[in-house]
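Several structures are given next for inspection.
Here come two complexes built around chain A, the first alongside chain B, the second alongside chain C.
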Partner chain A sequence: MTASIFQFAVSGILVGSLYSLVSLAIVLVYKATHVFNFATGSMIVFTSFLIWTMIGLGLPLWLAILVSIAFSYIFGLLLEWLVLRPLIGQPLIGSLMATLALTELLRGLIIMIFSAHEFHLGYHIFPPIVKKIGPVFISPALFGGFVLCTICLIALILFFRYSPKGLSMRATADGHYIAQSVGIRVSTVFSVTWGIAGVICAMAGLALMDRIGFSIVQTPSVVIFCFAAVLMGGLDSVPGAILGGIIVGLVSDLASGLISSQVGMLMPYIVLMVVILVRPEGIWGLKRIERI
Partner chain B sequence: MRYPAGIYNINYAQDMSIIRTKAHWVIFALGMIALFTFPLYATSFIHIINLVGIYVISAVGLMLLTGYCGQISLGQAAFMMVGAYTGAWMTRAGFPFWGTLILSGLITGVVGLIFGLPAVRVKGFYLAMSTLAAQFIIPWCIVEIRPDFTGGIHSLRVNPMTIFGHKLISQIEMFYVIITITCILIIFAKNLVRTQIGRAWVAIRDNDLAAEVLGINIFLYKLIAFFVCTFFAGISGCLWAHWMRNVGPTHFEFVTSIWFLGMIILGGMGSITGAVVGVIVVRILDYVVSILLTPLVEEAFPLLSNQIVAGLPAFVFGLIILLFIIFEPRGVNHRWEIFKASYRIWPFSY
Partner chain C sequence: MLVLNNIEVTYSEVILVLKGVSLTVPKGGIVAIMGANGAGKSTTLKAISGLLYVEQGKITHGSIEFDGMRIDKMNPQDLTKFGIVQILEGRQVFENLTAEENLKVAGYNSDSHNVKRNLEMVYHYFPRLREIRHNISGYLSGGEQQMCVIGRALMTSPKLMLLDEPSLGLSPLLTKEIFEILGKYNHEQHTSILLVEQNALLALKLAEYGYVMENGRTVMDGPSSKLLDNPDVREFYLGLVDIGERKSFRDVKHYKRRKRWQ
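Showing the complex of A and B:
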């Protein structure tokens, strides 16, 4: 019993790191532009299919990945420029519906080009380095995804701490007016944020591709876990997103292992509901003092 | 609202009236006659009209919540599902159709209240997320908790609706029931938004802090909005179940909820007519894409035709909603109002 609890806890944390990464993409976009990106799931699948197409074209894996990362950066920029920029200053329903409509658009596009079937890569990207730690089995795909996500998270944290671009993004998140008055071009920061979100989605797509097959029907449901994680950590908190992702991964894996997999699938929604009812601002989110 | 030259509102009753002039009454009567004689000249479209009628009910409910009260619901399809399953089971248990209809509306309303409860503490985006949770929790409960009762992942057969001992099976018979109920509910909604409740909703939508200062109990009115919205969804779902004669867990998915929101945006936020127009436009689009474009696609891409036909409606819908949000956020209805204002004062310029 305890061994299986350990097993589920470890795999929960490993999966949770992926949720953390995707949650971070959502939080970054929300902090900078106050848009909640419902289309994250579709963006992840989009990049998975990009990598798949590149490999199909005969490119070696590393080149395919690099090219898709570049493409997803440009894709993020384009989304911001074409869809979200005209909606600045519109009411909430506008930006919310725009990302939802984007989800539909990308879903239709991917079904049209690739069909709704599930695709498999056919081989593993990550080498099977670690298989067993003590009594706990570790799947190489999960571990590879964990390592990839951790590297990305550390890179992002360093980026925000030390690079001028990252600093200007943090300043923009603090306040648009103040950022503008010290000479930061806020519109560029918006674009770069969406571009970085695109790159994060590419990384998540890569990590997911190896673990399970990818399809436009199934993969976006992963993002629901990240929605729960984002709300749990706080909509505008980067450490909150990382912690929330790991907690949600842990909770849902434990639930699916110890109770049943159906309950595990339901867990993110229950977490979502509890967070909204008990502590809407999340663990480290900014609490808005306002009576409604 | 602008009236033709020489017509002025001289009291509040006239100012609030839905049908103002004699010409309006004539147009209204002609429209009703045209609507109810529809089966005479459009027999082949009648099932589409039925579906439009059912969707209009749900969209009008969503319009009351989102367009008037300003609370976004991402779970309209799940609430329809509650109504559909309740309706299916009550007809099986032998309840009369009218009782089934109203009770499934009320039960769905109570379920809606549960998911509206976070409105005590949160608003806007967070409330939308709680309805998103509803969209996934409700189907899960229906499928997993009592699969012996609801059929689980299998779909459930529904008995035909029975009125005065007469079973309604053909589309034309159902048409009269569905359209009557749709008309009654549209009139109900139109009247509701010009009462005190409707004005309170608009106040909350426009500025909730100011509304509270005016003495409006925001929580109460938000809950009323949730109840009415899900009541409409329940009735719509119940009708859907009896129209389709079959309900299953895959019939009401998150995508359907998005489509409902898209319909009311496309029609025009903040007007009941907008909801009706939105549903009609989206259904026409869907018809054009799936029926008329399919042969063209099959001819152009014979190898990929299956997946293109499957993906095209979602693509076109997403694209059109995006274009509307960016270029005409006030929807089709706004254009119609501009047109109406211009022909009413014709041939004068003001």
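Showing the complex of A and C:
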């Protein structure tokens, strides 16, 4: 029993890192533009197909990934430019509905250009370095995904802490008007944010692809878990998103392993409801105290 | 040198806020704008800094020139690089950034390539900022936030600073300190300053020249010493009747005495 709890806890954390990364993409877009990006799931599928296509072209894996990262960045920029840029200055509900519409649009495009079928690589990207830690078995796909997600998370945190662009992005999140008064080009910050979200989606797609494959039907259901993680951690909190992702992974894996997979699907939402009841702003979310 | 030539500003294409404002800020000079609430002082600053466009405002008439170049069609980002920076009203720091990050972000987004040197320069003028540089600016006191905001503007190596009510909500002593630093900075770096201020006495002591605005127009201007002697300015902005004497409410007879500048 203890061994299996251990087993599920470890796999839960490993899966959770993926949720953390995807949640971070949602939080970044929300912080910069105050738009909740419902289209994240479709973006992951789209960028997965980009990677798939690059590999299919016969490029070596590392080159395929690099090219896909570049394309995913451009893909993010394009989405911002085509869909959200025209809505700047309009009521926020418009942008929100636009990302919902984008979800459907991307789904249609993917089915049209690629396919609605499920795709599997047929081989593993991540080498089986670690197979067992103590009594716990670890699948190479899960561990590789964890390493990939952690590297991305650390890179993003360093980017926001130390790079001038990252600093400008954090400043913009604090106030668009003030940002403009010190010479920050807010529209550039918006597009860079979406570009980064695109790259994160590609990386998440890569981690998922190796483990469970991808399809327009299945992959977005993974992202539903990330919505729960984002709300749990606090919509505008980067550490909250990371923590939320880990909690969701942990809770769902433990519940599905120890009770049943149906409960595992449900458990993150039960935890989410408890968290929201106790702290409406999420674990690390900002509680705005207005001075009147 | 900044020249505003008879500008008109409209918000949302209907509300006429400025109805022909002309003013000049000489190179390296300090000029003050005074006026009641709603006179159009902040709008004048925003028209110069380009922030007007963000608020659906538009310059519908007249021109703004800086060093001989038309700038009334430029956006705030280019204007910052060009050397014009506005310090917004109400101590608007980036709350979740540290004091130093607040300063740095302005340095990175301006044309000044030497962020480190500028940072030292700001710490030289505001030694207090060096002490609190790693504190989250949202938690700083009002005075520290105002220093942070002014310091942030200095990071862009401005040729012209537009200051909107730097004394708002600060103690008289702190206001005096900040004004002294501003005067020193202007004297040493030869940066022009256009100052909007409710505290007319303080403003006219710092500035060499002043404008009085009312209902979207400049109604009066002159060297500070002259304005300080003007009976209308004395009564309506300084609250004085005769030299040194405070005005008593018994003498208030607004029906009799009208402002004569219109």
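Going forward, the second predicted complex is superposed on the first by the 276 of 292 C-alpha atoms of A that agree within 3 Å, B and C clash if a C-alpha of one lies under 4 Å from a C-alpha of the other, contacts with A are read in each partner's own complex, and residues count from 1 in each chain.
To be clear about the criterion, contacts are C-beta pairs under 8 Å (C-beta built on N, C-alpha and C of every residue); 3 or more make two chains touch, one makes a residue touch a chain.
Small disclaimer: the values here were computed from a predicted structure and weren't measured.
Q: Here chain A is shared; do chain B and chain C fit on it together or clash?
A: Aligned through their shared chain, the two binders fit side by side on chain A.
Q: Could you work out the angle between chain B and chain C as seen from chain A, using CA centres and rounding to the nearest 10 degrees?
A: Once the two structures are overlaid, it is 90 degrees.
Q: Check whether A:Val182 is in contact with chain B, with chain C, with both or with neither, and answer first, second, both or neither.
A: Touch partner of A:Val182: chain C, not chain B.
Q: Once the shared chain is lined up, is A:Phe190 touching chain B (first), chain C (second), both, or neither of them?
A: The answer is neither, since A:Phe190 touches no partner chain.
Q: So, A:Pro164: does it touch chain B (first), chain C (second), both, or neither?
A: The answer is second: A:Pro164 touches chain C but not chain B.
Q: Which one hits more chain A residues, chain B or chain C?
A: Of chain B and chain C, B contacts more residues of chain A.
Q: Which partner does A:Asp174 contact after superposing on A: first (chain B), second (chain C), both, neither?
A: In the superposed model, A:Asp174 contacts chain C only, not chain B.
Q: Between chain B (first) and chain C (second), which, if any, makes contact with A:Arg107: first, second, both or neither?
A: A:Arg107: touches chain B, not chain C.
Q: Between chain B and chain C, once the two complexes are placed on the common chain, what is the minimum CA to CA distance in Å?
A: For chain B and chain C in the superposition, the minimum C-alpha gap reads 19 Å.
Q: For chain A, which residues belong to both interfaces, chain B and chain C?
A: After superposing on chain A, no chain A residue contacts both chain B and chain C.
Q: In the complex of these two chains, what residues of chain B are touching chain A?
A: 66, 72, 74, 117-118, 121-126, 128-130, 132-133, 136-137, 140, 144, 208-209, 212, 218, 255, 258, 261-262, 265, 269, 304, 306-308, 310-319, 321-322, 325-326, 329
Q: Using the touch rule from the top, collect the residues of chain C that touch chain A in their complex.
A: So the residues of chain C in touch with chain A come to 49, 51, 54, 76-77, 79-81, 85-88, 92-97, 101-102, 104-106, 108-110, 152-153, 156.
Q: Quick check: in the complex, which residue numbers of chain A touch chain C?
A: By the definition above, chain A touches chain C via 164, 167-168, 170-171, 173-175, 177-185.
Q: What residues on chain A touch chain B, complex-wise?
A: 36, 83, 86-87, 90, 92-94, 96-98, 100-116, 224, 227, 231, 235, 262, 265-266, 269-270, 272-273, 276-277, 280, 290-292
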